[in-house]
Amino acid sequence: MRPSLRPADSLRTIQLTRGYTKHAEGSVLVEFGDTKVICTASVEENVPGFLKGKGQGWVTAEYGMLPRSTGSRMRREAAAGKQSGRTQEIQRLIGRSLRAVVDLKKLGERQILIDCDVIQADGGTRTASITGAFVALHDAISGLLQQGKLAESPIRDFVAAVSVGVYQGQPVLDLDYLEDSGCETDMNVVMTGAGRFVEVQGTAEGEPFSEDEMQQMMALAKQGIAELVARQKQALGL
Amino acid sequence: MRPSLRPADSLRTIQLTRGYTKHAEGSVLVEFGDTKVICTASVEENVPGFLKGKGQGWVTAEYGMLPRSTGSRMRREAAAGKQSGRTQEIQRLIGRSLRAVVDLKKLGERQILIDCDVIQADGGTRTASITGAFVALHDAISGLLQQGKLAESPIRDFVAAVSVGVYQGQPVLDLDYLEDSGCETDMNVVMTGAGRFVEVQGTAEGEPFSEDEMQQMMALAKQGIAELVARQKQALGL
Amino acid sequence: MRPSLRPADSLRTIQLTRGYTKHAEGSVLVEFGDTKVICTASVEENVPGFLKGKGQGWVTAEYGMLPRSTGSRMRREAAAGKQSGRTQEIQRLIGRSLRAVVDLKKLGERQILIDCDVIQADGGTRTASITGAFVALHDAISGLLQQGKLAESPIRDFVAAVSVGVYQGQPVLDLDYLEDSGCETDMNVVMTGAGRFVEVQGTAEGEPFSEDEMQQMMALAKQGIAELVARQKQALGL
Amino acid sequence: MRPSLRPADSLRTIQLTRGYTKHAEGSVLVEFGDTKVICTASVEENVPGFLKGKGQGWVTAEYGMLPRSTGSRMRREAAAGKQSGRTQEIQRLIGRSLRAVVDLKKLGERQILIDCDVIQADGGTRTASITGAFVALHDAISGLLQQGKLAESPIRDFVAAVSVGVYQGQPVLDLDYLEDSGCETDMNVVMTGAGRFVEVQGTAEGEPFSEDEMQQMMALAKQGIAELVARQKQALGL
Amino acid sequence: MRPSLRPADSLRTIQLTRGYTKHAEGSVLVEFGDTKVICTASVEENVPGFLKGKGQGWVTAEYGMLPRSTGSRMRREAAAGKQSGRTQEIQRLIGRSLRAVVDLKKLGERQILIDCDVIQADGGTRTASITGAFVALHDAISGLLQQGKLAESPIRDFVAAVSVGVYQGQPVLDLDYLEDSGCETDMNVVMTGAGRFVEVQGTAEGEPFSEDEMQQMMALAKQGIAELVARQKQALGL
Amino acid sequence: MRPSLRPADSLRTIQLTRGYTKHAEGSVLVEFGDTKVICTASVEENVPGFLKGKGQGWVTAEYGMLPRSTGSRMRREAAAGKQSGRTQEIQRLIGRSLRAVVDLKKLGERQILIDCDVIQADGGTRTASITGAFVALHDAISGLLQQGKLAESPIRDFVAAVSVGVYQGQPVLDLDYLEDSGCETDMNVVMTGAGRFVEVQGTAEGEPFSEDEMQQMMALAKQGIAELVARQKQALGL
């Protein structure tokens, strides 16, 4: 029995609220149960130095947690003077995941900066971030299409993410904080709408996992992501 | 005529939403019109080094803005590796303002850390932060009283803040971003429920201001803060 | 009775020594009693990035304290790797105060960098800095006029600063360190030669202050600044 | 045909040279073809703050590259003043991988710090690091056993790592730099001697990958790691 | 002919002004011609971590330059967020030089922190710093003797420093900025009152120097330092 | 008797292994006994900002130590976020020493970056670094000559370095770690093939040294450097 009492293959309540704040070209509040992340997409008409004059665009991401998004207060990274290794790992993952479904040449010489800021954390902040960030990105690109700055959408597919794990010997989907802290294995999976893998990151927290457990986790992830993509489509009215 | 069309002595719509996030001992979403700030109060059973063994507590604050809380995206301070001078000035102001109404000896050897994170900015983020942070602090202290950790409340009075300015020669109350960018003088005033001053910070952005303008701004601030304290009481059910 | 034995409305001995060091375009040692600050003005024929091509100049300031300018040694900020919030607050204040009396368009596309370095501290370092920095700035601009780089002075008025406070219930002028540490309220006031306000920054260190105390402090500040401007004129031979 | 002309399932030449430098408790030069990494294990009779008094030990890792270990010179991280996100990701991975096969309780209240420094890079530096670091860790622990500081080895299994990928549609084992830069998918797999997974990190650099490709890559990784563990045993004379 | 018109073996005008600022236990303004440095000695009743409980004291130094102590303004190190390599080299040299003449055991478990801050630079700031710092250190130690905190002086000898160089083929003593920028070789020599060497640091800026030039520079340095030690004694009334 | 049992005027076993790693334009493993340093030379077709358009090149150096190159593990500078004062002193010394024998005008508008990374330390890492770096630099320049990018070698002379010291009253050559920690005086000497001085840096660790000791140390250094230059020529096949 999971602490959340959910069946092994059940997602938490998923909410995607578009237009959450007013300034950004895309702004989404994503909720995976009690995990809440503000995802914004900002369009800038320039590219990083390493892409100048290459005829392509860029999508990148930054991630942060409000100090008291967590059970006990974390030190503010701006006050500490640096981003932790965990923060950098997550923001690199979000950026790669989104770039996997964007045709950067079609985006033109501009960049879209994604900001994912966790206002309440209860496990799965990186998977919620990717899932919400895709919707914010989609809105920012719709804006570019409407303004005639893009003739054709550079978005090639949907992308969403979910965590799976082995909790007390049982493969389960979409772990909350209690489950995540107690599980033997934690795996984050990022997949496209077409069911192909963008990222697979599995870590044995305790006991190393078997090939069989790996297979079962992959199957749960596949099903969960299909549901998340359906929620993204619904939120976008597609 | 103000860009906001408000009368000169009129506040924006004020909202104070308690219990906005679930982990913090106090958590308030404060809205001054389109300015929205999450204020949390975290209780820690320790004090900073310089107060160890002095038999008193501490209240301090940190402030941040989400990168896209503003019209154009600001650099994330955690990525830049330091907090700007403006950020430090604001968080020092919030801390001083709250300490002015707390009896630190009665608080005992513990500290309350306030985090004010702007999720949408439209002028007056520091005054909204102080006004919201007081309510979060009040909730955190109520919790300590309920748990029996405090026998008596260390809160001596209410405290709230508002901006006043001279816009096109006219003293006005509670400036939004458009008014703030265009005004000659900007003054932030922090006052107690009893109508005494905690902080007065007036800056001539353009033309230096006269004693007469100063008097009129002070009168507007006094009235505005009385209204804000009334809203705090209402939100707290007092 | 003030610790300094001065009457409530009396400044400390004020000295303004021009040409204190030989390299800077303006170089002034300012003394407010035992508080001693070296203020230099450096002219650079360029402007910060955000002003490039805007047809105007800039005046900015940096502030520092020698580690043993104080009673007990402070950590050197260069060794600590960052400037404290207090330092940043003060240097921003000095810069704003000077810009308030300079016509930046008339200055042309150049900047004047003010450095205020405290060699001995006894209260009021920020007000002494502003008062001395104006004289250094005036000398730097006189140099530009003499060299024919400026046809007309961009200086629109004098500017000086003084602290006022409430010490044991009594409003007093120009607090030294002992008075400053013991006072209930501390207010720094920056005014022009014409008697208009540039900055007012009042802080209740202990008990919040009343409107009446505010009025009395403002009156003392006004008188003190008139005296300081007279000393600036005398030092400049005007 | 792979650029390296190796068959799809073939590792590069693997060398594990123990006792490579003289000061460390374990010191190994690991070579995966032209990739060369010095792995040292340092024993310290203390634990990080968060483990004080918990009756267990710790294993952690740091990773670096000599500036000219690569084709064009990289900026020295010590001069840049910070470690890149990539560096932090890799050193966290090395630490987790080793901890997965160490019984931290049996290690006692001491820590083993692993340093992996790349002196020549040709792809796969993180997998070579993990594979070599295990041997250095083993030597350090043998020393503790010989000195009687440990009664029983805390090592529960072997651990090694290898990269797999999809190169021009073909799943291949142990990619060198040329193959890595040109591949569609790159996956790093960390497994134990018993054939269980510790980490799986797969990233689609170009086209997202299918479940079938995933299966084939996993099979190659399994075979490669079995060979690497055999080489570790041989090097250790076990 | 030297730019300064001084004979080859002539020092600049040397001034040592004790009691220059009021807070420090020792405070000296040292002038070598137009080079002016404030040297303070601060006594602290503790030692750095690596000396805790070792029954000895410590003497260390920090060095800085006011931004406009030089012909063109230098970036403030506190604003840059770090001390340059040159600054660190100089402050390490000052510390070593002073420790060479102090019996650290006799000093007891306390440290003396020297701060050398250049207010006007014209070549030779490090040699002026050492020469002035010794006098400030002497005053701080006299204070400890007078207060009965030390029974016996830990000072074993005098120490002073001077630069020598080869300017247009001619060995010269105590180079000013113009001479220093134009010389082929620059050597800083630190010697005791007894005429023994503490530090010799010679650098060929242009052409490497011969043994013969080396001998001549050493002779000049020896003579110059004897004069500087005489000036220190005179300043201290010894 | 020296701890190393070597005669007073005897170098350790010297090895210079060219082509040690494959990517750099020059790559040398230098060994002075148990001290082992990888020296690489990287050619870049640009110059630092301060030399842009001046028609000359630049040679500069960086230095680092692997954390466990030493008896007890040192903190990794990249993790600490800054290079120590010692590191900066050494890398500045290496750069100056090499520039002393290179005609920077003949090098053209390009720079050669030297990296010296200590993989095993046993005293004399800076002198080994200079001696090895010269050989790496020579190889990089030979490459430029072979590629026709340079018509004439900008190398004007050989340069090598050695330490000398006074150990138990006896001047000795090329100190290892044990000798270095126990000596009264430590002097690093950098000389050209023609026997002229580039740098002399002598420090009294304990008792200040006499002129006579200075002379003897200089004579030992001269002899040692002649031997090192012979080894450089042999390694380069000259």
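Lettered A, B, C, D, E and F in written order, each chain numbered from 1.
The criterion applied here is as follows: a residue touches a chain if its C-beta (ideal position, glycine included) is under 8 Å from a C-beta of that chain, and two chains touch if they have at least 3 such contacts.
Here the structure is a predicted model, which is why all the values come from computation and not from measurement.
Participant: Taking A-B as the reference interface, which entry in B-C, E-F or D-F shares over half of its contact pairs by residue number?
Facilitator: Most of the A-B contacts reappear at D-F.
Participant: Go ahead and note the Å separation of the Cα centroids belonging to chain B and chain E.
Facilitator: Those two chain centres are 50 Å apart.
Participant: When the C-alpha atoms of chain A and chain D are each averaged to a single point, how far apart are the two points in Å?
Facilitator: Centres of chain A and chain D (C-alpha means) sit 28 Å apart.
Participant: Using mean C-alpha positions as chain centres, tell me how far chain A is from chain E in Å, no decimals.
Facilitator: From the centre of chain A to the centre of chain E is 59 Å.
Participant: Can you list every residue of chain C that touches 2 or more other chains, as numbers and ranges?
Facilitator: 81-82
Participant: Report the order of chains around the ring; begin at chain D and proceed in the direction of chain F.
Facilitator: So the chains, read around the ring from chain D toward chain F, go D, F, E, C, B, A.
Participant: Quick one: which bits of chain D touch chain F in the complex? Just the residue numbers, please.
Facilitator: So the residues of chain D in touch with chain F come to 21-24, 27, 34, 36, 38, 40, 42, 44, 62, 64, 66-73, 76-83, 87, 113, 115, 117, 119-121.
Participant: Where on chain A is chain D touching in the complex?
Facilitator: Residue positions touching the partner: 82, 85-86, 88-89, 91-92, 96, 100, 157, 187, 191-192, 194, 196-204, 207-211, 214, 218.
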